[in-house]
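What follows is a pair of complexes built around subunit A, which joins subunit B in one and subunit C in the other.
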Partner chain A sequence: MTILNSAGLTKAFGQTIALNKVDLNIEAGRVIGLLGPNGSGKTTFLKLCNGLLTPTSGSVKIADKAPGVRTKAIVSFLPEDNYFSDWMKVKDMVSFFADFYKDFDAAKAEDMLITLEIDPAAQIKSLSKGAKEKVQLILVMARKARLYLLDEPIGGVDPATRDYILRTIITNYNPEASVIISTHLIADVEQVLDEVIFLKEGEIVMHEDVDTIREEKGVSVDQLFREVFKC
Partner chain B sequence: MAWQFDPDRPIYKQLKERILLRIVSGTYAAGAQLPTVRDLAEEAAVNPNTLQKALQELERDGLVHAQRTSGRFVTEDKTLIKQAKNDLAKEQIDLFLKKMAAIGYDRQDAVVLIQTTKEVKPK
Partner chain C sequence: MLGKLMKYEFKSTARIFTPLYAAMLIVSLVNRLLSNRPTDTPYIISMVVVSMLIGAAFVITLILTLQRFYKNLLGSEGYLMHTLPVSVNQLIWSKLLVATVWTIVCAGVVCLSIAIMALSVGEFQAFIQSFTQIRLAGYDEFAFIVECIAIVLASVMSGIVFLYACMALSMLFNKHRVAVSFGFFIVITTVAQILMAIVVEFAPNHLIGNVDTLFQNNEMLEAHALLVVILLIVAAIGALFFALTHHMLKNKLNLQ
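And then the complex of A and B:
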């Protein structure tokens, strides 16, 4: 079953082409790494999937629907920057999400807050940068979505939290849902991924299974990335 | 603690080896039920699809079999497990002999050396 499909997906900002004719098919039940150097179009792609940007040409569909209210009900998006209001408390955010998303599991979010030692009564303003990222990730992962789009979910947190996040992705695994993770920290996520997409200057230069890469090329995805994108 | 993997070989193959090692060493006894894919994937910190593939390989070799509703079990066939154990041991010996040859010891020299080497008790 296809969960995400894009055809000729293109986005230009003035003269700059951020994403160029991307054809992609993502099946349900997969964990996918969206990998590429800075400015390769990863965030643009994720924003297009969320309807935060509109394509210049081509199309993207989530479960056969163009991004909109219906797809937002089944897509859980972790943006790179934080969108919390400073006056809110952590628990306000939890009820905010519970109001907004039918598939949000508040009990699960509260459990995760306890595990990561975040006080639900704390004001967002008082949290460290890393703690804010944790809260955001908890809210996103506590939804029972069909598609999770995670933009750099592990970049800003310590290695122990990184492990916890990756474990959460594994234990959340559902054959009907897929997860797309954009990141630079390939070695950390590699063993959690089914397949990887390499983006270079807005185009897909490779889309392959992790174990196929290891089998055929005898290198890890991390090593291959370093070769393909050698500066 | 997540399992560590070599960077240059498929992860499913390494998972298969790790699970096989648990079977031949008796951690998972003959006829015993294996942990679920989800539990094993969490322990190893790997993608559940990859772990599934490793188990399917073990199934193909007859060392593991699935029962429709109750999960996966280690084979009851102890001869088969013994065979797998022997194969693993032979692989290690081949590897060892190759390394010894690189140092300049032939098979006979290596055997003599093994017999005259004092056993170091594991701590």
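And then the complex of A and C:
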């Protein structure tokens, strides 16, 4: 079953084309790496899927629907930037998510906060940058969504937490759900990926199964990435 | 969902408004207690503080109205708000209704604060008395009060939604969005004033500026009609800006 489909998806900011005629089909139950150097259009693509940007042309559909109230109920999005109101406490955010998302599991979020040693009574303002990212990721992963869109989920955290996060991503989500992880830290995420999409200057240069890459080309995703994006 | 959005909107605004309004009322009370000796320095100081608080209340209400919309829906917090499973209508209404309530509360607290400082017992009794007069008043008087309240309410809401539209229009630009919002504000107000001047210039005389005559001549029906027309115009302007804001957030959203 197709969970995400884009056709001719294009986004321009003035003269700059951030995303150019992207055709993509993503099936349910897959973990996909959206890989590319900085400025290749990864974040633009994820924002378009969430309706945070309006396409210049083309379309994107999630479970056959354009981004809207119904897609937002089934998509769990982790943006790169921090979206918290500073004055809120961690536990306020947990109840905020519980209030708005039917698929949010507050108990699971609280467990994850304990594991990552974050005090629920702490004010968001008082947390370190890494801790804020952890809270945001916990909230996003504690949902039982059908599509997770994670923009640089491991960029700002230490390697131990990185491992925990990746474990969470592969063990916590429902097997019917798909996860798209945008990152340039390929070596770290390679182990959890089923498919990879290489984005270069707003265009898809490759969309392939990780197994196929390993078997047919005999290289790791990281090696392939270095070849494709050789400077 | 609208209820939940409003709950959080109240929470995030109340933490600023509640202490501000409480301070205003407390300082007014202190001022009243000191007013027996109006030449003393403490009284003068408290008078200055109250005046500053009253000014601050209006400014802060306005700034927070702008900031809650811009930061929460068009800024970084928009990433969260626009990925909630709620409609754009619900997002705008939650902001609009809460901002309207605070504007009314602000005006109410300012009146109360002035009353605490200045009202004598006799005046207070007269004030209470005036309510009994409303009760005794006829249909026309009562209808006028309702119409005037509706016009004030519609004006407040239209004014707020006009500010929202100016900010939402900045989505058309990729840079300098705060400046662009301000630019739209200036342009739209200027155009509106020019239109107004044209209307006043060319409209038949008996349609405008003669509300007094209507009352003096006891032409109640015309007076009601005039107020209802004003109400409809204000509401229509508000609806127009609401539709514009909705269109921008629904179809032109470009969060950076």
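As a convention for this text, the second predicted complex is superposed on the first by the 230 of 231 C-alpha atoms of A that agree within 3 Å, B and C clash if a C-alpha of one lies under 4 Å from a C-alpha of the other, contacts with A are read in each partner's own complex, and residues count from 1 in each chain.
Everything that follows uses one rule, which is that a contact is a pair of C-beta atoms (placed from the backbone, for glycine too) under 8 Å apart; a residue touches a chain by one contact, two chains touch by 3 or more.
This structure is a prediction, so every number in the text was calculated from the model and none was measured.
J.: Report for A:L166: first if it touches subunit B alone, second if subunit C alone, otherwise both or neither.
T.: It touches subunit B, and subunit C stays clear.
J.: Regarding the shared-chain residue A:G29, is it in contact with subunit B (first), subunit C (second), both, or neither?
T.: In the superposition, A:G29 contacts subunit B only.
J.: Considering only the touch criterion stated at the top, classify A:V75 as touching first (subunit B), second (subunit C), both, or neither.
T.: Once the two structures are laid over each other on A, A:V75 reaches subunit C alone.
J.: Using the touch definition from the top, say if A:I138 reaches subunit B (first), subunit C (second), both or neither.
T.: neither
J.: Touching A:L52 in the superposition: subunit B (first), subunit C (second), both, neither?
T.: second
J.: Touch test for A:Y83: subunit B only (first), subunit C only (second), both, or neither?
T.: The answer is second: A:Y83 touches subunit C but not subunit B.
J.: Where does A:V192 make contact in the superposed view: on subunit B (first), on subunit C (second), on both, or on neither?
T.: first
J.: Between subunit B (first) and subunit C (second), which, if any, makes contact with A:F96: first, second, both or neither?
T.: A:F96 sits against subunit C, while subunit B stays out of touch.
J.: Thinking of the overlay built on chain A, is A:E215 touched by subunit B (first), by subunit C (second), by both, or by neither?
T.: First partner only, subunit B.
J.: So which bits of subunit A does subunit B touch that subunit C touches too?
T.: Shared contact residues on subunit A: none.
J.: So in the complex, the part of subunit B that touches subunit A is made up of which residues?
T.: Residues 2, 5, 7-12, 38, 41-42, 44-50, 53.
J.: Which of the residues in subunit A end up touching subunit C in this complex?
T.: Where subunit A meets subunit C, its residues are 13-14, 47, 50-54, 69-70, 72-73, 75, 77, 79, 81-85, 87, 96, 99-101.
J.: For the complex, give me every residue of subunit C touching subunit A.
T.: For this pair, the touching residues of subunit C are 1, 4, 7-8, 12, 15, 72, 76-80, 82-87, 174, 251-255.
J.: In their complex, what parts of subunit A are in touch with subunit B?
T.: Of all residues in subunit A, those touching subunit B are 29-31, 163, 166-167, 170-171, 173, 191-194, 210-211, 214-215, 218-220, 222-223.
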